[in-house]
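These are the structures in question, set out in turn.
In the two complexes that follow, chain A is the common piece, with chain B as its partner first and chain C second.
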Partner chain A sequence: MKHPARWIGGMIIASCVIVAVAAPVLAPDDPYRSGIAMLDLSSRAHWFGTDDLGRDVLSRVIYGARASLAIGLGAALTATLIGVPIGLLAGTLRGRVDAALVALIDLFIALPGLVLALIITAMIGANLRNLVLTLGFVMWPAIARLVRGQALALRETLFVEAARATGGTRLSIIRRHIWPGVLPVVAAQFATSVSFAIFTSASLSFLGLGIPPPEADWGGMVRQGFDYLAINPLLSLAPGAGVSLTVLGFYLIGTTIK
Partner chain B sequence: MTPGMQNMRMGMLGRRRALAALAGGVLVSNGARAQAPKRGGTLNVGLVNDAKTYDPIYSVQFTERHVLYLMFDTLVRYGTDFSIKPELAESWEISVDGKTIVFTLREGVAFQDGTPFDAAAVKWNIDQRLDPHVNSPQRALLAPIIASVDVLDPHRVAFTLTQPSPGLFSLLGERVGFMVSPTAWKARGKDFGDHPVGTGAFTLKEWTRGSQVVVERNPTYWQKGLPYLDRIVVHDLAGSVIGVQRLLTGEIDYVGELTPTDVLPIESRPSVKLSPIKVGRWYFLQWHVNTPPFDNAKLRQAVAGAIDRQRLNEITMRGQGSVSDGPTPDGLWWYDPAVKSLPYDPAKAKALLAEAGYPNGFSYDLSTPQVAVFQQINQLIQEQLAAVGIKVTLQPVAASEWYARVVAGSTNMTPTRWTQRADPDGLLYILFHSKGFANTMKYKNDRVDALLDQARATYDVAVRKQQYGEAQKLIVDDLPMVPLIFGAEYAALRSNIGGFEWIPDEIPRFRGLWKAAS
Partner chain C sequence: MLRLIARRVVLMVPTALVVSALLFFGVTQLLGSPASMMLGQDASPQAIAALNAQYGFDRPAVTQYLHWLGGALTGDLGRSYATQVPVATAIAAAIPVTAELTLWAIALATVAAIFFGTLPAAPRVVRPLVTVASLIGITVPNFMLGISLIFVLSVQTNLLPSTGWVPWSAGIGTHLAHMVMPVLTLSAYYFGAFSIVYRAEYQGVIQRMFIRVARARGLSEWRVTFRHAAPNAVLPVITFIGIAMGQLTGGAVVTETIFSMPGTGRLFVASIEAHDFPMMLAIGMLIVVGVVLMNLLADIAYAIVNPQIRHAA
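So, the complex of A and B:
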């Protein structure tokens, strides 16, 4: 194996995806059905115990993989879709367009991601779609800056100059010569963005701006369990482990892409 | 019967009923060390504090009163059964027509700045609250009932009323009744809220917003031998759960507003004793009755019948609260057992929904303040309404913004909760009279208005009880809200703290407490 870390990361993500997709099969219980056995400890009926409304925690952790992956992948995709074109434009056009775009990128990078996400979610309201858009919007400048840097370097290379000299159009140069060189950077940043999005959405939940109840999502469950740490720590620890593992998985993949 | 006797009868009736309710409650106490009062020491209180000012004339926030009751005395005070007891007023007489009340004031009482407390001070205090330029939030309560306040002699003051007003006594036991030093208020102006001066057992030493409030024993307090404590420090808490941890380590001696779940980890700790509140907060689900879709009576009945209140109590209060059939819990004299809410009947609810014109159900947003118990109640309501075809989406809103939105009318369906007042007029009028300032349901029933108007204008408890009974029956039938539950709540104290008693307004009174060696 050339990249053991990448393999471990891949396996972690693969398991997460399987859990998310097969949640209805894997979950022993309905994650949304309340019960009058509240805050029970781990038992044969409820491996991770029950939450404050008597719902099965294991089932909720399993279903929670869906929301967390949706947020992570959705937000990273949004950020990529905004960030890559802007980065490519800035990097290949140079001049005044570049200066304006760089100013815009720097403006957003100067604001801390969590704070920006907090302000936007507080304004537009929290739900899955809004969270994906907000976190994507918060993360695009980092991608744009990386892509611009890479494009800048590539546009000065001999083969791009040669392409220009033989009459290649701007668009074809970007598509055939610059984009392939930028792609690995985008892939690496994509993976890191997924982990940042999951992590930040968990933080937002803790501040009361995550996905609204009764949706099972890991960030929200960590927050909800916080009030009952002294009674059943698994309420927070189990979904918390889900967040950590997924973030780790994407991080391992991201750092091994050259 | 003279009005004076009627007044006594009212007090006794209330007391007997409340005592009967009390017998059902149990004070869970693990230590018996705190029996004899002991002098000295510092009491550390943990409080999720939202105080904005300690000027009683401008006080609005609930938790401000926790500290106001230490620094200020009221004209009358509440007993543990909501009966009205003398405090700064030693006695009072009501005229035969019920429109004049003469208070005889306690002699030898001085404000903490040394100025005397007398009839002129009482007149000034009420006049300030009535003055439109002062713009006190209490003006709306007082202006309709008080015509004038007159000094008869230094220790007697006459309240002339526009109509007989039994609810006035209840008001004079809370914000309206806090007696402020006129001299200090005039000298401090807008800063009085940071430098409050009353006649209370404690004086303000330090208030660091977001951190703590420190009050110290008033050495010239009029009640001889009191207070026992030298100092009380009210520490700001981010949440009750954190308070429980700090209580266990002994950093604080008191933490309140604990749910039956919050107290699970400390139920059998010998270092801690639990004191359950006597009259639970009233939780209900409200909506705008004058606009679609909730202007449809059948629809309201369908929603009400689809909610299993017993299950709400079992899950959110661990069964320690009680089901609410109306605004008033058993144990208060204006409780009427004939007031009954619609029983839980999902099949009938479904039929009603079809009759209302929604055979396939409907979708609606339910405002969900970021308060644990509201989030729990809302998720259960969502689950129960889904069973009859009503799809509810929970709309999260910050706890600090939520009530402002309800008042502004931008929130329609929402759960809410209120504490009981010492007089039925206190809650029923403000919530359900079409002119009530807290009537955010836009509810208007002319018969209910008339009954609430009549009942607030007579001292005869038997007549009032009948009028409030009929009004509550009409209200519950009209469903401007769905009564849900009366909550269960606890205060937890270190077991060496003595003298703690609940008053049904859920505001802890710390001034009579003492601290034994632990």
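So, the complex of A and C:
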């Protein structure tokens, strides 16, 4: 156990993935079937109780892992696919292209992510696909900036200079010499992006502007349970803990890779 | 120094213009005709046309933008579609709430991060606690923290009022009592972030020669750390505060929603829900200008605090 934080992070992510994949097996009940037993407290039949429509909260929390992981991974992938090429381009070409790209990156990076995501989802409508695209769009500048910085440092190294001197083309230098050096940074930032995307999409749902009901979605469940905090706090706190743990898991991985 | 500031201020103008144009066209074009949205799907074409004419939506987009920009520059941001109150009035009433919340939260986060990051006594006990606290601050979403606080401090123990906001005039005690949980909720993330930035810098500073000299002169450990090490480790935190303040002009959205505070963040969410374009645009612009302005202020503060830059310019 040389890196306890990495182990904890990895374990959290592994359990989250297992829960998401095996949701139909693990969930004691259909997460969308409402019943007449509304706002029941914790019992043997419903470990976390039931919500205001009589749905089993535990099952909904279990199924909620799916939406969170889908958005987190999808958005991080989108951001990586946009950010890495732009960062590589800016970092290796330099000059005017670099200046223009940096101006663009700086413009977006300064804006609060949640606010930008709020505005965009309001414009294009909230559903799984749009949220993935929106959050990917919000997160790409951070990735591009990191990749650019790394590429800038690498292109000044002796081995890149040697590759250039021996007649390496621009593309082959990027692929064989710069990309391997950039990869660890991208991997770390990917994990951090997943955690940010889950965090932000849950916040959007909590504000009522994320994944629309009746989808089992952690942020939306927290919001819905907030009204019944005095009756059954688990309605809010259980899905809230799900978000927090998943975000923590990816954050720990993101800060300990490198 | 002054030239540096002047150049930065001049550069702010094109940024603000570009973003305002993006916002305006984004909001008005992508969201579709505001009139059909306001009147609902079953509205007759005549009613939509009438409303379009009334608000000027039938004019070309560029004309609309210039009209809006002209108004905005003279302080006229239009009227809210939802409440018919002038947008400027509504925002002016909301800004003090958000500003106060933000300032308390940043102040608390900064002081706590520096204090706990510097604290020389019993580091073995304090250090892991601070690390866990900053991790919680960074990874637990605002809404989860806020609701947990409400559950523990008002539902379970009834120590604090759960939600709502009261002005200063209702009594300083009641006002502050309503502020405690929102401030804690909002500052948690920044406490975590500042702690990490500060700690990294502090570790470097404490290795430096002048710290050894201070110790060798026989100064107390408290004096060495707080008088000599801390001021030198605080610089990156200042830059970060600037970024944080900018983000917070809109980042208080979740906190204000949980605690039902009448600030700009909640106004923004309400305007999005109601498709209240003038309000959305104005608050969006406010956030952008706030972000740019705060970053500038942070750079100036950095230059003032850092003698290397102060004397070079």
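Convention: the second predicted complex is superposed on the first by the 258 of 258 C-alpha atoms of A that agree within 3 Å, B and C clash if a C-alpha of one lies under 4 Å from a C-alpha of the other, contacts with A are read in each partner's own complex, and residues count from 1 in each chain.
One rule holds in what follows: contacts are C-beta pairs under 8 Å (C-beta built on N, C-alpha and C of every residue); 3 or more make two chains touch, one makes a residue touch a chain.
All values reported here derive from a predicted model rather than from experimental measurement.
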Between chain B (first) and chain C (second), which does A:222 come into contact with in this model arrangement: first, second, both, or neither? second
May I ask you to decide whether A:52 touches chain B, chain C, both, or neither, giving the answer as first, second, both or neither? first
I'd like to know which partner A:33 touches here: chain B for first, chain C for second, both or neither. first
Contacts of A:126 with chain B and chain C, given as first, second, both or neither: first
Taking the superposition as given, does A:195 touch the first partner, chain B, the second, chain C, both, or neither? second
Is A:208 contacted by the first partner chain B, the second partner chain C, both or neither? both
Give the label of whichever partner, chain B or chain C, reaches more residues of chain A. C
In the overlaid three-chain picture, which partner chain does A:230 touch, first (chain B) or second (chain C), both, or neither? both
Touching A:111, do we find chain B (first), chain C (second), both, or neither? second
Determine, under the contact definition given at the top, whether A:244 touches first (chain B), second (chain C), both, or neither. second
Output the chain A positions appearing in both contact lists, the one against chain B and the one against chain C. 122, 208-209, 226, 229-230
Can you list the residues on chain A that touch chain B in the complex? 32-34, 36, 38-39, 52-54, 122, 125-126, 208-209, 212-214, 226-231
Going by the contact rule at the top, pick out the chain C residues touching chain A in the complex. 15, 18-19, 23, 26-27, 30-31, 135, 138-144, 147-148, 150-151, 155, 243, 246-251, 253-254, 257-258, 268-269, 272-273, 280, 284, 287-288, 291-292, 295
Interface residues, chain A side, partner chain C - complex: 107, 110-112, 114-115, 118-119, 122-124, 195, 199, 202-203, 206-209, 219, 222-223, 226, 229-230, 233, 236-237, 240-241, 243-244, 247-248, 251
For the complex, which residues does chain B have touching chain A? 239, 241, 244-245, 261-262, 264-265, 311, 314-315, 318, 368, 370, 372, 375-376, 378-380, 382-383, 393-396, 398
